[in-house]
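These notes open a run of structures that come right after.
One chain, subunit A, appears in both complexes that follow, with subunit B as partner in the first and subunit C in the second.
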Partner chain A sequence: MDFEKYYMENLKDTKQKLKESVKFDDFIVQAINNIDEINRVVNTLAKRLRDWYEFYNPEFSREVYDHEEFVNAVIERKDKKKKDSMGADIDKEDMKPILDLAKGIESLFKLKKEQEKYLEKIMEDNCPNISAVAGSLIGARLIAIAGDLKRLVLFPASTVQLLGAEKALFRHMKTKAKAPKYGVIIKHPLVARVSKGKKGKAARKLADKILLAAKIDYFKGEFIGDKLRKEVEEEFK
Partner chain B sequence: MKQSRFHRIYEKGKRRKKLFTKNLTPGKTVYDESVINENNLEYREWNPKRSKLAASILKGINKIGIEKGSIVLYLGASSGTTVSHVSDIVGEEGFVFAVEFAPRMMRDLVFVCEDRKNIAPMLYDANKPEEYKDKMTEKVDIVYMDIAQRNQAEIFLKNVDMFLKKEGVGLLAVKARSVNVVEKPFKIFKQVREKLERNLNVIDYKLLSPFQKDHCMFVVKKWE
Partner chain C sequence: MDFEKYYMENLKDTKQKLKESVKFDDFIVQAINNIDEINRVVNTLAKRLRDWYEFYNPEFSREVYDHEEFVNAVIERKDKKKKDSMGADIDKEDMKPILDLAKGIESLFKLKKEQEKYLEKIMEDNCPNISAVAGSLIGARLIAIAGDLKRLVLFPASTVQLLGAEKALFRHMKTKAKAPKYGVIIKHPLVARVSKGKKGKAARKLADKILLAAKIDYFKGEFIGDKLRKEVEEEFK
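And then the complex of A and B:
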């Protein structure tokens, strides 16, 4: 049989289809996953930096809690050693790798900021309503978990409320553990700031509005994101 | 290296049997599998932890039907791990139609296809066989399906119905966790079996533990 024809045709078709399959969703998913990854890496590296640095000046490390602030202070050598410090005196030679690490972490912070700016822009361009209601980071995270915007739109709001809490959800379904009330939207300022007893309620309402916004974005409707957000804001003042 | 129970599949070792296929593209590997040279022939190791077909062979399945010159419809080809071994077995005289729906996995598969002229990549949804029926031969000898979907039994029946020759063999890998996470696996396998038996003869059934968790393989034939 002549398989050559099938081979050539299908290979050509598939390549063309792959070429056309790249959508803005893919860029959103990669950008948000990358930002989350940088966050993880920066945290690990910053902890290592503190560990290492504390031989020299432990008191200063304890004074500055924020990783970014700490890294910048180390690079700019704003870290004055106290007179009665228990830190050791360290040679220049031994200090250099510590400073180099700090510089590496600083550049990662910069990269993260740039990518966040980029993500904000593509979210704003393609999903203005989601950005307005959920914020670009949380909106992108929801799209990433769903896979793409289309799949997110097809979910019920109760699923959107729990996206990111799969582990807790399945634990609940398999055993008699408590049901989770929120997934990634817990980080949304609207949910985060309401009192503990109302968080589930706020998450439910917010998920509903986010999904409405997503549907409008998917079908390229008008912009009513700010209105939707206000509705939730007013209910949970 | 000696011949195993199946055509063109080789095995080595006694306690821990390892499976091999003859490399169709000597000098090139597909994933990071190890390669053994014997009598100027190159054999690729077939990892049962990555391939459900290899796992079911090691578990002692009684028929796979795939042999030199077979025409195979492979649904859920993914990045081409198992597909490459199937392509080794059928050789240049046979052909594999590899259907995969995810662009991410398809990209890897295309690279495999460029080296192996007996695999045709097809970016289609296996749930809609009407869409790709013009892109392949009318009938095939083997329908192999490994798709983690809730309605995998229905998809399989649809494709077997449309493409499998009367004397052909169908192979279905079922992942219990993608049908229902909460239900016990053996209950799901039973349900799937009942669904298959409405239209087909189930001639063998093997659980794939310890190589794959909560998976099983069905071998079916059409009614005489």
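And then the complex of A and C:
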């Protein structure tokens, strides 16, 4: 076989392998990273909107803390401007770009929700046990930080507990800063509910269960997510 | 007059003053900062879209460098996937969030163009001479960095030349790094066209004219932007 032919066959083979190398994990990682990015973007633009809108109605911006609520109120012109407001009178012409920006942010909120729905779907299809115990967002974040499901499964529970706290961990190793006790797990409703002194222990218990769920998902075991979830809930009582 | 009454009168007066303190400069600053923010956001999300889309058609993403062109091609499914593509076959279900993201970016591109139109309008209404010489985007950026038109007018031309290069300037002052020769002015088509060694001198000439234009705008002088622009163009021949 001449070299040219050998090379072409090899190339074809490699391309095929690359083609087949895309796994569901990749979609999960893309989806969650995208959701987090949209979150950052929405926050930045919402702050910009507030800044701008405060020329017109500074009092209202301070009354509504939630960005989404604020954006919707601006679009629907629901905000009542007080008679003695410090805000300037603004021409319709100057109000238009402000409303346009608000609408742009609104569509990003919608996009985020669509992407969360999609993530929920692929998490439930591929990692039903993780989804049940950790929720689709936290589960996906753990997979994304580990790289893929396989690598997540190979971690010890003590690592899973700290995934997402890499910065604090390195700071701890380099300086005398305190060791972190939890990573992305902290946002789980069960951990969030626990009092501050007990969060570390709670995070560890949850990490144990998530890791167990991840192993079942990785080896395509049965769905026992509901049982696992109940067990965690019991422990957290 | 009792204190309570004095206090209320004072408050009312202050509120009124605040109300009247919003000037056209503020809208210019908001608009240009917003445009630059949307630019950053669009770039971030477009990179994310490419990253995701490359699972499906990696060859195509590398062929189209322009983000906007790429986004439109994805939305209209204009990209031809090569028969021997390394990209994976993707279910319709997994393609949807990718298309949603592309549409989200497309609407941000539109938002940016709307905001640029608005900025052009208020720049031409309020700073016609600056607009003619510097263009509405660069003119607005100079006003935004200075704070407002009044402060821009009070700068010497050598400062106007460097506005936007603050980082490089401080690096130069603290270390032995080279002094910057131009700030945001560098993006002006006349400066961009000049060969590298001559950019500093060109930036200085342009800064002179912009400052002159800004002074005329600040003192509400006549529109001589076309004349000023021609003079600069002559000098750059």
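What we mean here is this: the second predicted complex is superposed on the first by the 232 of 237 C-alpha atoms of A that agree within 3 Å, B and C clash if a C-alpha of one lies under 4 Å from a C-alpha of the other, contacts with A are read in each partner's own complex, and residues count from 1 in each chain.
FYI, a residue touches a chain if its C-beta (ideal position, glycine included) is under 8 Å from a C-beta of that chain, and two chains touch if they have at least 3 such contacts.
All figures in this text were calculated on a predicted structure; none of them were measured in a lab.
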Partner chain in contact with A:T159 - subunit B first, subunit C second, else both or neither: neither
First, second, both or neither for A:M173, with subunit B first and subunit C second: first
Subunit B versus subunit C as contact partner of A:K15, first or second or both or neither: both
Per-residue contact with subunit A, leading partner among subunit C and subunit B: C
Which of subunit B and subunit C A:Y6 touches, first, second, both or neither: first
Common interface residues of subunit A - those touching subunit B in one complex and subunit C in the other: 15, 18, 21-22
Complex interface listing, subunit B residues touching subunit A: 71, 95, 97, 103, 106-107, 110, 113-114, 117-123, 135-137, 181-182
Subunit A residues within the subunit B interface of the complex: 1, 3-4, 6-7, 9-11, 13-15, 17-18, 21-22, 170, 173-174
Contact footprint of subunit A on subunit C as seen in their complex: 12, 15, 18-22, 26-27, 30-31, 33-34, 37-38, 41, 44-45, 48, 51-52, 55, 84-89, 93-94, 96-97, 100-101, 103-104, 107-108, 111, 114-115, 118, 121-122
